[in-house]
Amino acid sequence: MATPAITADAINTVVSELYPGASGMCVEVGADYAVAACDVDPHMVRPGGFVSGPTQFAIVDAALWYVTFVALGRIEPMAMTSELSMRFLRPAQGRRIFSRARLEAVSRRSVVATAHVWCDDRTEKITATAQGTYAIPLPR
Amino acid sequence: MATPAITADAINTVVSELYPGASGMCVEVGADYAVAACDVDPHMVRPGGFVSGPTQFAIVDAALWYVTFVALGRIEPMAMTSELSMRFLRPAQGRRIFSRARLEAVSRRSVVATAHVWCDDRTEKITATAQGTYAIPLPR
Amino acid sequence: MATPAITADAINTVVSELYPGASGMCVEVGADYAVAACDVDPHMVRPGGFVSGPTQFAIVDAALWYVTFVALGRIEPMAMTSELSMRFLRPAQGRRIFSRARLEAVSRRSVVATAHVWCDDRTEKITATAQGTYAIPLPR
Amino acid sequence: MATPAITADAINTVVSELYPGASGMCVEVGADYAVAACDVDPHMVRPGGFVSGPTQFAIVDAALWYVTFVALGRIEPMAMTSELSMRFLRPAQGRRIFSRARLEAVSRRSVVATAHVWCDDRTEKITATAQGTYAIPLPR
């Protein structure tokens, strides 16, 4: 596949300007995927020392947003999560949490992707798996 | 239906001890439902002034957790989200965000519920709808 | 709410012409809901005597299709399932299977609804619960 | 990974005895995947000539069932779909429909997998993508 037209740096620059409160940043993009990462702060940890479900959702949502930019070939901040379903597979523990989203389909109105979540360098120990749809703004 | 054996106050006391970082609190429980609420902080707001998807996921997840306690008749902090699917229906704007989860089914190993999300007093303008499953810890 | 502009009879007439292979028929519509029903044939039954998951999916899909017609105020056969998530709650046994779908939201491009499934007259013993989205064809 | 302990033939033999009404058969298994296939009959086709959503759900459900057997290393017919979410990506047209399910996680009580659907030999043109959970019967 071709080199994506946009880079992780370009995504981070735009997102950090528009959305200073965003947890997570883009650490890698490819022709059909994007990887998001986020440091685990104490407020993200649940009883037992586990990274909370909403924190895992947030990193998936970020990865899906980034892969939507990859799919469109442009940074489209008004692309919105339309629906997302997640399965939590095992407890998540670590200092840094990652999600990699892979494109499944792109149409005029939406982007569908599958995403995995893991902690630190344990890419084979996925803690959650998800699928979701981002809606692309329609021309008025 | 009968009065639930546990109260919103009891839930908030236990949760705030175990999980000081939790956003959201329980504001109401009934025989087959629970309502969670959370003040909208600036870091929860996305471009356009909208409450972020992860924030809406978090309040749904809290409401499902509380309604799991209602279903079990006890506060079981190790009940964990097993899976959750959300649909985002319209932009969410407001000072306070709410989710009401209603029980669908309770079995030996899981609790299933449907949840709505809204802002402020606009209970009829739901911004997201979700269904999910909480896993009940199995005896060893 | 107002009386729906379309009736169960009108839906059944159009659907049976366009789609003779459809299992299920519309048995009731209201301002924000539709009910689908289907006789349970032997090929729909799994080991143990239970109505299969795909059969339950099919009746939910039919109910969501019908409630999309209700939402639009017209019969739009090219409305297509965009996504659907189902939870199976208990074994389904009976002679006839039903699904009631209730509208959650209607936008320019989609209809979101929640649906329950039950057998025979056991409306309180839901065997499955689902949420899904129907995509409305966009003007070219 | 190791060779799976069970074969497609073994699965088909058991399933066809227990569940003569099953559409679909297992055409391939590997250490972490299973492929199901089914001939498209006229009653599976919707207006426009498209394979219906429930038919696509059925083939996904079969693939998930088979991959659950792979994960367990035994044919466990009472494994039941717990939840399944599907996204429909493009119209499905063809003579034969396939689904490949890949294992995501296996625990004491459930198996999670992601599945793709395609028609004929168009393995790259997936018509639907899904994730779901099969519940493993608990010892009494």
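Order as written gives the chain letters A, B, C and D; numbering starts at 1 within each chain.
Here, a residue touches a chain if its C-beta (ideal position, glycine included) is under 8 Å from a C-beta of that chain, and two chains touch if they have at least 3 such contacts.
Given the structure is predicted, the values throughout are model-derived calculations rather than measurements.
With every chain reduced to the mean of its CA atoms, the largest distance from subunit D is reached by B. A count of contacting C-beta pairs for B-D and for C-D identifies C-D as the more extensively joined pair.
A separation of 27 Å divides the Cα centre of subunit B from that of subunit C.
The geometric centre of subunit C is 23 Å away from that of subunit D, both derived from CA atoms. Per-chain CA centroids place subunit B at a distance of 33 Å from subunit D. Multi-chain contact residues, meaning those touching two or more other chains, occur in subunit C at positions 82-83, 85, 87, 133. Interface residues of subunit B, counted against subunit A in their complex, comprise 18-19, 21, 23, 42-48, 52-55, 57-58, 61, 77-78, 80-88. Residues of subunit D that touch subunit A in their complex: 85, 87, 89-90, 104-105, 107, 112, 114, 126, 129-131, 133.
On subunit D, the positions that touch subunit B within their shared complex are 82-83, 85, 108-110, 133, 135, 138.
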